[in-house]
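Please go over the structures that come below.
What follows is chain A paired twice: with chain B in the first complex and chain C in the second.
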Partner chain A sequence: MMVVYRHFLRRMTRDRGLMGQSAGFFALAVTVCVFAIGPDAVILSAVLPGLVWALQLLSALLGLSDMLEGEDLDDLLLARTSLPAAMCAKALAHLTATGLPIAVLAPLAVSLLVPGSAALLPCMWLGLALSAASFSAIGLLGAALTLGSRRNAALQALIILPLCVPPLIFGAGAASAAMLDQGWQAPMAFLAAIACASLTLCPFAAAWIIRMKVTSA
Partner chain B sequence: MITRFANPARFESLAKTLLPVLAAMATVLLAFGLVDALLLSPPDYQQSDAVRIMYIHVPSAWMAMFLYACCGGAALTFIVWKHTLAELFLRAALPVGACATAICLVTGMLWGQPMWGTWWVWDARLTSVLVLMFLYVAIIALTGAFDRPEHGSIAAAWLTLIGLVNLPVIKYSVEWWNTLHQPSSLTSLNRMANPALSGEMLRPLLIMGLGLTCYLLVVVIVRMRAEIIARRLNASRVQA
Partner chain C sequence: MANTPVLSMNALTVTRGDTVLARNVTRDVPARALWLLTGPNGSGKTSFLRALAGLLQPASGAVARTDAHWLAAMPLGLSLETPRQYLTYQAALMGVPFALIADIFSIAPHLDTPLNRLSTGWRQRVKLSRLMLADRPLWLLDEPSDGLDADGEARLVQMIQTHLAHEGACVIATHDPHLWPRAETMAFGDAG
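The block that comes next holds the complex of A and B.
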């Protein structure tokens, strides 16, 4: 599985430059939103956690349209690694390429922009990493569902976004609670549960979907 | 039982006997229910006549969730047994369920404006029903997005199954979170002994719910038959 993971990660980052693309998209999207909202520090610090989460979700969508497309499915099906394990490796590679850089860097940027928010750093790191894991796993599911369809990217967004609402709500909720000095442990626990469930269940579901599609041909 | 109705011809004969019965029931129940709900039942002591929106809003919400649950069952049946009729049901029922959800949302907004003073609040009940609407739209879009229709059915069935997690969230959203939307007036045990809704209001509500169920079942069965006929036409064209 480690070999498959490294192979996928190399393809996503080196061949397609996904890591730079998604991080750049995220930085630009945050800047655009800040321009649109205006430079008022009070408003910005109130909306920033929600903004970071929503834009992280959108940048997770970026690498999905070609997550499975262009992959040699026969290779995957015939490989010695089981298909669910390969799918899990794929989700983790996507997480490493798109989710984790943002999860590491975005809280640092927030702590620079919003004065007095340095204490939030651990909460935001943990929350963003956990929700990035759920987004990647759910995104894998969306990629498996739309595999072989005609209108890929838009359709994927349509499928994935409603499913990603729970991790989004709990993640942004934890960050906002931490910002207001309230207890953020409860939403964070829910978020961790969602991340565990989606990372463990989605690869199996994705593998089953792909197998059904291949055998029905 | 499951394999018995896999045969479209057997379904056809069942549908032929069932359709007139259901259609008659729907007509009678909806006609009586509407008169009862709009004219005979008493106005609310706080909301006066605006409470009558309930007789459309609540049954359509029931239907939205009931149809989704049925679709979930059909999706499971299709995935596990490759049951053709389950696939037909899924394709036929999804747009109907989406319509019920849309009616529920629109009537809810029309009711919210005079009662809460706002068309929309981001409360857990409203938001989870909105997610249900998005799910319906996404599944319907997914069914039609493939060159091979069977791939569309597989994908739609899986997404339906995954989306089932939303149903308990909708049901319990009014209990888990503090919502502006009121909790259920019907379904809790201490409410049974001590009903929150008077019998004169409960009667038209239940009649409307039953009538709407019959009506939507009629629509779903008609759509399933149309799909069977369309497939036969397609098959004969391929053969010719």
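The block that comes next holds the complex of A and C.
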């Protein structure tokens, strides 16, 4: 399964440059927003967690529309390896390519912008990693549902955005609570539960949908 | 074992939308048999082959087959991946480590050249080399001779001959039936 994961990751990062694309989009969007908001640390500390999470979600949307492409699927359907396991590898590859670089770097940027927020780093790292995992798994489900439909990017966003709202709310909520020195454990626990559920259930659902769609085409 | 067919179809009907591509096909493909599917573009060769592979739900009837290799007609993309990485991935899907049973297409010198720097013919040779990753009795090949030069075609014919000699069987959808003049043929496009 490691080989399958590495193959997917290589296709996403080397062939399509997804890592640079999503990290670049994220960095650009945060910079532009911060310039627009202004340097006031009080306002920034109130706004930044929500902003970071919203932009992370939008950059996770990149690369979802062609996450599952043509012939790849025939091979996976006929493979000895299980299709849900391969789908899980696909979600993890997308997470590695788009979610993790942002999850690692964004908290560092926040701690530079808001003085005295270095203590929040572990909370933000954990929160961003967990919500990125949820976004990738839910995104996989959206990619499976819109497989074969033309101009599927908009449809896909429409399907997955409502499902991504809970991890968005709990993630940004945990970070905001930590900024205000309040307890962030409860929203973080909810976020962890969502990430576990989506990472384990979405691959099965995606595999089921793909098998049905391909064989009845 | 020698008498059980490698592939058998029972009243198999394959459709695409409302069009019937093949009606009520009942036949066995035994070991050592080569079966060609011919016909114009869009006549249903690929759909029929996909039904044999289990990638398309037939309208009615059933397919029973042993372990098979499936090779779609779609050429390998212009990826930065190398043939070694591609074949290692394919081997992992087959549940075996990467090792070619025989390097029929002489791809060894090109194993570490990215696919986007190989010509169409060489990418086709890399794709065909998937058949040499694991020993499976049935080969279902869609347009295997696409993009091959005369030498490549000769190697393909030789590879299939060797496979048949080892109790294998092969179903090929092709526009080059002249490569296998003695093979049995099913023609598509003449009203199913």
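Everything that follows uses one rule, which is that the second predicted complex is superposed on the first by the 215 of 217 C-alpha atoms of A that agree within 3 Å, B and C clash if a C-alpha of one lies under 4 Å from a C-alpha of the other, contacts with A are read in each partner's own complex, and residues count from 1 in each chain.
The rule we apply is simple: a contact is a pair of C-beta atoms (placed from the backbone, for glycine too) under 8 Å apart; a residue touches a chain by one contact, two chains touch by 3 or more.
All values reported here derive from a predicted model rather than from experimental measurement.
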| item | value |
| --- | --- |
| Simultaneous placement of chain C and chain B on chain A, clash or fit | fit |
| Partner chain in contact with A:Leu163 - chain B first, chain C second, else both or neither | first |
| Which superposed partner A:Ser216 touches (first chain B, second chain C, both, neither) | both |
| First (chain B), second (chain C), both or neither touched by A:Leu78 | second |
| Contacts of A:Ala205 with chain B and chain C, given as first, second, both or neither | first |
| Touched partner set for A:Ser149, first chain B, second chain C, both or neither | first |
| Touched partner set for A:Leu141, first chain B, second chain C, both or neither | first |
| Closest approach of chain C to chain B (Cα atoms, Å) | 8 |
| Footprint overlap on chain A, where chain B in one structure and chain C in the other make contact | 216-217 |
| In the complex with chain B, residue positions of chain A that touch it | 141, 145-146, 148-151, 155, 158-159, 161-163, 165, 205, 208-209, 212-213, 216-217 |
| Residues of chain C that touch chain A when the two form their complex | 53-57, 68, 70, 72, 74, 77, 79-81, 85-86, 88-95 |
| Partner chain C, residues of chain A touching it in the complex | 1, 3-4, 6-7, 10-11, 14-15, 70-71, 74-81, 214-217 |
| Chain A contact footprint on chain B (complex, rising order) | 79, 127, 131, 134-135, 137-138, 141-142, 145-148, 150-152, 154-155, 158-159, 162-163 |
